[in-house]
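Letters A, B, C and D name the chains as they come in the text, with residue numbers starting at 1 for each one.
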Amino acid sequence: MKVGVIYGSTRENGNTELLSEEVVKNLPDVIRMDLKRYHYHDIIDQRHDKNGFSPVDDEYDQLIDQIIDCEVLIFATPIYWYGMSSVMKRFIDRWSQTVRDEKYPDFKEQMSQKQAYIIAVGGDEPRVKGLPLVQQFKYICEFIGLNYKGYLLGEGGKPGEILSDKTAIEDAHKLGEWIKG
Amino acid sequence: MKVGVIYGSTRENGNTELLSEEVVKNLPDVIRMDLKRYHYHDIIDQRHDKNGFSPVDDEYDQLIDQIIDCEVLIFATPIYWYGMSSVMKRFIDRWSQTVRDEKYPDFKEQMSQKQAYIIAVGGDEPRVKGLPLVQQFKYICEFIGLNYKGYLLGEGGKPGEILSDKTAIEDAHKLGEWIKG
Amino acid sequence: MKVGVIYGSTRENGNTELLSEEVVKNLPDVIRMDLKRYHYHDIIDQRHDKNGFSPVDDEYDQLIDQIIDCEVLIFATPIYWYGMSSVMKRFIDRWSQTVRDEKYPDFKEQMSQKQAYIIAVGGDEPRVKGLPLVQQFKYICEFIGLNYKGYLLGEGGKPGEILSDKTAIEDAHKLGEWIKG
Amino acid sequence: MKVGVIYGSTRENGNTELLSEEVVKNLPDVIRMDLKRYHYHDIIDQRHDKNGFSPVDDEYDQLIDQIIDCEVLIFATPIYWYGMSSVMKRFIDRWSQTVRDEKYPDFKEQMSQKQAYIIAVGGDEPRVKGLPLVQQFKYICEFIGLNYKGYLLGEGGKPGEILSDKTAIEDAHKLGEWIKG
């Protein structure tokens, strides 16, 4: 059961990363994609252009290649301004191109064989004000075919603060056990 | 009453732009900020770094300077993946730096004197599946101090399709009248 | 095109009723079900009882008989405490019994041939704080099979106040035209 | 720390009750209000009547008297049709009368000294489809002054099924410990 963690933070060792590592620390086969280390552009919406999308020369496909290999995907994003980070959103926005990319003819079908979780950490009432993000993520999964499996919300702002959110940490351990199966 | 329209689309003359122009076409004093024409980076979350945020050399401040000048702000974004575009989100994420930027010592207070609207157009049931975005935008306004005034959701995917959404077009005209006062 | 308006208010000539009448006033075939004039009990959840639901002797079936006859259903409720009124909720809760009632063997299928709208009026930011009700109503429609067609939110508290919500009144007229087809 | 559990189910020993009892079983001072055992009417919205609300002769005030005595309130409702039960809603709707009732001149202030939780159990994706209920409950607390403290969502339909939702049961135990302090 290969698990891919997709990090959307822009900080080193941020709270989202700390919480996510509590989930995966005992899993045997985990890859991490730290989005901020990859160079990829915003989508240019050419869905309706006569010639479709122009090829983009960046590192985006490296991310897709890694994702395709996983059975479980964990989208781990800090809650910035009550939503996922721009780094994470930019990655997901590009899927609109991938679903029309002949290099990935079965992208949706491959996604439909994966399980997806979202982990999100924020400083301002994340368990309520993070709910629009959960709902958005559910819609994203439904559209692309991912099997939405759940969410984990934690509270933290300052470095390391998430470790004081005992509920989130325990939920993380349970989620890890659950994924381990 | 100076109105600033902040465009988050990545397409020329997209549906979001068409709808927004129906709102502002009879207003005397409108400026448009087409985010895709500006070069600005993702936030690097240095809120908790000893020395705070490092200066960023890009065109972001040009946007802030224009915004500060407006009394009404219209955030106009296509609905990509059930949220605002990455282009729009990247702009908003950077506000975390601006609220700590000595070049803009009164940013929050200045924002608290502005009215804010969101216009969002999507192809997949935007009037329901766009609601998490509305809620997120409400939270954003509350945090930064903007006076949230309302939303306008329209349906459209293909070029020009929004023009068939009679309800949205009429709502746009009413909103324009409303802003005109 | 027979239209049924289901009123959930507990006040005579309340704002919700005023707004809804703006929708239907030019429609040729409208019936009104004023829930407060009917006597019907809370659901008793006997879904899992060996003998299923016990027959209930009240006026609930009169409502169902009228609904079944309509092609369009408008659920018109004041927003009490950020949700539908208890009067409306009690009516909908009873559907759990009707879907298992041999007197209505095709209830879900009959519902699946109807269009459904929700009209809701409240005094405290209904266009944002009424959104959970819209989402709930969408889920209700999906479960019972009703074709969810849209919502109309208006602002008003004091008697007649909705008439000052020009946007809602105009939306009501448009909705009426739309239903008229 | 007196804890009041307000039950909104219409079934004996339903899943919501089972889950809630896991929360409170080790707490020293708990009272239970099983709403279905009380007789109380729908609100009649007389907020704007010249003489205000007419006195209502039912058992509603018995509930308020018990609530006032508690420091923690747990609203425990099955998720019926993606919302609280009509039994629970009818109780809350009546608060509109209580806030204007001279018998309870300090109702809002007394509420503002209490902590509030919601526990909700449903059979159809409660952790996502129960979120509008959470948001509604948050708004309710903000309006009446209750200190919203959190939610616990569990999955279950058939009798006893909640006991298989290990996550919910563990969350219940943690919540109990948390309340115990």
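Quick note on the criterion: a residue touches a chain if its C-beta (ideal position, glycine included) is under 8 Å from a C-beta of that chain, and two chains touch if they have at least 3 such contacts.
This is a predicted model, so every value here is computed, not measured.
For the touching copies subunit A and subunit D, the fraction of interface residue numbers used by both exceeds half; the interface is of the same-residue type. The chain with its C-alpha centre at the largest distance from the centre of subunit A is C.
The distance from the centre of subunit B to the centre of subunit D, each centre being the mean of the chain's C-alpha atoms, comes to 39 Å.
One inter-chain figure worth recording: subunit A and subunit D are separated by 35 Å, centre to centre, where each centre is the mean of the chain's CA atoms.
Separating the CA-averaged centres of subunit A and subunit B is a span of 24 Å. Under the contact definition stated at the top, the residues of subunit A that touch 2 or more other chains are 135.
Taken as a graph of touching chains, this assembly forms a single closed ring in which every chain touches exactly two others.
Only residues 9-11, 14, 36, 42-48, 78, 80-87, 89-90, 92-93, 95-96, 124, 129, 132-133, 135-136, 139-140, 143, 157-159 of subunit B touch subunit A when the two sit together in their complex. Residues 127-128, 131, 134-135, 138, 148, 150-151, 166-167, 170-171, 174 of subunit A touch subunit D in their complex.
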